[in-house]
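As written, the chains take the letters A, B, C and D, and residue 1 is the first residue of each chain.
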Amino acid sequence: MRTTHCWICIAATVFICCVLSLSAAAQVDEPHSDTLIVDSTTIIVEPPPAPISNLQVVDLPNDHGHAFHLTWNISADDLGGRNNVLQYRILRTPGWAGPLTEPQGDGPQWRNEQGTWWHLVEGVWDTIASIPAGTAEYFNRGGKAREGNDYSPDDVGFSFKILSVGTGGAVSESAIFGPVESSGQWYHTGKTWVVLAVLIFGGLMLTMVRLARGGRELYIRPLAGINAVDEAIGRATEMGRPILYVLGLGAPDEIATIASFTILSRVAKKVAEYQTELIVPCYDSIVMTIAQETVKQAYIDAGRVDDYNEDMVYFVTQNQFAYVAAVNGVMLRRQTATNFYLGVFYAESLILAETGSLAGSIQISGTDRVTQLPFFVVACDYTLIGEELYAASAYLGREPILLGTLKAQDYAKALLLVAMVIGVIAGILNLGWLTDYFALNI
Amino acid sequence: MTEQNSRKNIFERMFAIDRRWVYGFLMLAVVLSVIAKPVIPIPISKEARSIYDYMNSLSDGDYIHLAMDYDPSTLAELHPMTRAVLKQCFEKKIKVIITALHQNGPGMAAEAIDTACQRHFELTGYRPESGKDWVFLGYKPYPILIILGMGQNYRIPFPNDYYNVPLDSLPMMKGIRNYQNIKAVINISGTSATDWWITYGNGRYQVPLAIGVTGVMATDYYPYLQTGQIFGILGGLQGAAEYETLVGTPGKAVEGMSVQVVAHSIIIIFIIVGNIGYFATRKKNRVGL
Amino acid sequence: MDFATAIATTVAAVLTLCIFSFLYKDNPFYKFTEHLVVGVSAGYWVSILYVNVAIPNIWQKLLAGKWWYLIPAFLGVLMWTRIVKRWAWISRYPLAFYLGIATGVAIPLEMQTKVLEQIFGTVQSFVALHNSQTDFWAGINTVVVVIGIITSLVYFFFSKEHKGATGGIAKVGIWTLMIGFGASFGYTVMARISLLIERVQFLIDDWLLKLFS
Amino acid sequence: MKRQFPLIIIFSCGLFMVVQYFVPHEKSEFFYEFIALDWPPIIGVFALMLGVISLTRVSITRIRRKTEAWRYSIVTLIGLFVMSAFGVIGHHYPPLSTAFDWSFNNIMIPISATMFSLLAFFIASAAYRAFRARSVLASILLVAAIIVMMRFFPLGPLTSVVGKTSDWILNVPNLAAKRAILIGVGLGIVSTAMKVVLGIERSYLGKD
């Protein structure tokens, strides 16, 4: 009786152990089972391909760690020779073995979210990838999270080898390379140009803004468009017809809108001097409030505060097409002599410009929306292109931040221009040592 | 006034006609050519071909990311691109991760994916499955940070997919951490999302990027093509038609291009006639400025 | 076409026609559809934010015991202080957090992708000429591109008056810019017409023809 | 408290993000991944809801004051609430989500898709009556535009000539022009971002 029990116990234990080890093998060592099969199927149908040579593994530079860069010379039988390489299998040791139900041994180990244990095993080769023949480079990027199944620890020596798998299933092994350790870097050496550019440009900007604030005279070339503004106001006065100023659809804090306020102030001052009528329909209620202040101040500066009328600047509607329809109505009804479209414009640009040109008005436009510029250029008499709008505003308003920024950008452009010319000359003369500097290695 | 009227030449009178006549003329031309459905050959540009070739060089089980960052207002140009790209992916068994970073886009994107799956089913008898052949992640606010977040790990911005299934439970997303695991991002967009993908997706994470954009934006991205920051451009309806032709299913975009020829001809004629009139009139009463 | 689809497509078609009626003049039908779409898209947005962000990124994380997600949620709620004028300053804190991150991340990356890579790309296009068998015209075009870039940059240079040599260079620059704008113009025309074609295709192919077949 | 602290927050967050760009090390990724990239979208949910709240407020004010076209504001409000109800309730009670999809496909898509197709008409009209070669520059622009517009025309033997010319325009002068603009835009974005981080530009904080 007792002996029977004993036998049953032993049989059950053996059975359970078998099941457990089999299931463990099936779960974790899937890659290993591959190699096992390869080993067991070395029934030579055809000879294995030549092994790869010159395997080199380095820690991947400029990264957060957990990654290696592998390079090698492909097998003599790949893309040549017997031409029988099917794929390369990349193997790595030590590997993290598991999952185990409890900790084992003294080596490093941890428990993942599922509650199973993993530990570090020397001499166990993990297949980390199988890649197609003809490849001579591989990035072994592991995870950085300890809980993840793809975790690849830093500062642990790994050795690598590559199997050349032949079309018949036979394999040949490369020499083992290693051990190498992966680690993260504290500075990305490929980004030095960006550091320099940011520092230089930042320095330029701080200096220029400070100089402008200190009242230093910073030169900005006169823009042809500014003269056109004066002429156009003069013409409107001669004809005795009103002037329309559209600030665009931009929010009050957009640079183009801010630039437009400065120009509006200039226009309003001239208008006050010439005693012409000004109409400013607005799309945004906050823009309207600021525009009212601007125009009022301009009238005060011109000494004609009595001529100022609140109704000159008014809110229309915050709805693109309805706004355009209303402004078009004003142009046609009032026969405006001059129309200004300065600020942020979208698809409505061409509708405005068309109506204005039909009404025979002189039109001066300017926007930083590149997609709308073509329509302004072909339908208006004068167009401030992109940054010219900011420049015009800086020229007229001398507002220190705007002025300083514009100057800093100007100097940055000059530096870039010089650098580019040097690079291009080096490129034409094929001076490799010099042109190599003109590249980011990220 | 009468004197002025009598001095008006034919062009002045022509421009004085109501603009609704011009509208009607264009509408009529478009309606007639949509009904007649003429067919024109679509020349393939190298910007479109390079996308097709790149996708074609991928193998079974490779991943791409399709970023559908547009809303219904630009669907006319961009939907045909999406359909053609999805068709190519499903045929090549390329797995697709899809996002829609425009707040009005996700519903439309979901529908486009559904249609593409249905078409593939009709052609091959197999319906691509969510989580296995494609995964749709949907929308999150602040696209710049989402693009950066996916560069670290898809799970940061998207713990779940659009249908609220946890990413970790999708078989397709197993082992897919970030852009390092995918072969390319195809960004189809009608907004500045394209700039963000270039600056934050490609600039920060060097993920190979190709773009499909509206005609309005197309010409602005040529500088990036030359530097290699993007490897292809599909520009507007023409780009869509080119891709439809490349993947072998001429559809709405190819049909539309023949209508474009008619409409473009009308506009070119308008510009030329208008300018002849302008110069004829200007000689008569030259005014300074 | 079954009845339900017919109704749905007809609704869509009628709304399309309501918008087109603006071409005649601004009218109540246009205004109705316009205001309707403003409301519906806002409503759509509310649902997307709720279903696609609030639930997975906040609620489910809190349920999973990640209590620290209460911090961004609290910062988010602070944004709402803007509604009350007296408390509006509180909203500056979350705003500052977001703005700091968004602008900080932009500085090096915009410098890299829009400035440095463009300059380096120009230089490298010459290196590429030496490395590959290119024809004569490719070389000429590369030179023309550089001339175009330099002259256009000079046009946008505001510290020197456009007179003499600078004036001449800037003139070439503005011509280059105009050709570039011409290309945008051509593509924009195509874009606008595409939208119309799609709508007409919808009205004729998907609605009228199917309704009466 | 009201101005100084937000400026400090902006400066420190901004500086961190700039520095993090140059530091690939894992240690720099903690704040980057778990706070900088994870939290703002959550704040965004609330911030973007502000837009909806303000739309509601404006509409209600219009209705209450019976301003011009106040009836349309009712339409906006109905659209807003019905659609959000479909979406939010539909998430928990699936039959309603069909109504949500229906409204999206048959109301929102056609209206949004049609809105900008009006521009095709406006362009045609402007082409006829306003796009003038009024100067050398405008003439260059129009000629380039017409060539690009004709690039896919079936013109028989001329097809490839026009096609090649338009390819040249796109890849040579267009590339040069757009790159020059891009460099300017890039510097503009960087300078604006720097001004915000350094606290030179503060208008976004509003007035006290």
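Here is the rule we go by: contacts are C-beta pairs under 8 Å (C-beta built on N, C-alpha and C of every residue); 3 or more make two chains touch, one makes a residue touch a chain.
This is a predicted model, so every value here is computed, not measured.
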| item | value |
| --- | --- |
| Most centrally placed chain, judged by C-alpha centres | C |
| Separation of mean Cα positions, chain C and chain B [Å, integer] | 12 |
| Chain centre separation in whole Å, for chain C relative to chain A (CA means) | 14 |
| Centre distance in Å when chain A and chain B are each reduced to the mean of their C-alpha atoms | 20 |
| Residues within chain C bordering two or more other chains | 22-23, 31, 34, 41, 44-45, 48-49, 51, 53, 55, 57, 98, 101-102, 105-115, 117-120, 122, 124-125, 145-146, 149, 153, 156, 177-178, 180-185, 187-190, 192-193, 195-196, 198-199 |
| Multi-partner residues of chain B (each touching 2 or more other chains) | 15, 23, 26-27, 30, 73-76, 103-104, 107, 140-142, 145, 148, 157, 204, 216, 219-220, 223, 226, 238, 260, 263-264, 267 |
| Touching two or more other chains - residue numbers and ranges from chain A | 191, 194-195, 198, 201, 321, 358, 370-371, 374-375, 377-378, 381, 386-387, 413, 416, 442 |
| Topology of the chain contact graph, where touching chains are joined (line, ring, star, complete, other) | complete |
| Complex contacts: residues of chain C adjacent to chain B | 23-24, 41, 44-45, 48-49, 51-53, 55-57, 60-61, 98, 101-102, 105-106, 109-110, 112-114, 117-118, 120-121, 124-125, 145, 180, 183-184, 187-201, 204-205 |
| Contacting residues of chain B [partner chain A, same complex] | 15, 59, 175, 177, 180, 206, 216-217, 220, 289 |
| Chain B residues touching chain D - in the complex, by the definition given at the top | 15, 19, 22-23, 25-27, 30, 40-43, 45, 71-76, 103-104, 107-108, 111, 140-142, 145-146, 148-149, 152-153, 156-157, 204, 219-223, 226, 238, 257, 260-261, 263-268, 270-271, 273-275, 278 |
| Chain C - residues contacting chain A, complex | 22, 26, 31, 34, 107-108, 111-112, 115-117, 119-120, 122-127, 129-130, 146, 149-150, 153-154, 156-162, 177-178, 181-182, 184-185, 188 |
| Touch list for chain D against partner chain C, complex | 2-3, 5-7, 9-18, 21-22, 36, 38-53, 55, 69, 72-73, 75-88, 90-91, 100, 102-123, 127, 137-138, 140-149, 151, 166, 168-187, 189-190, 192-194, 196-197, 204-206, 208 |
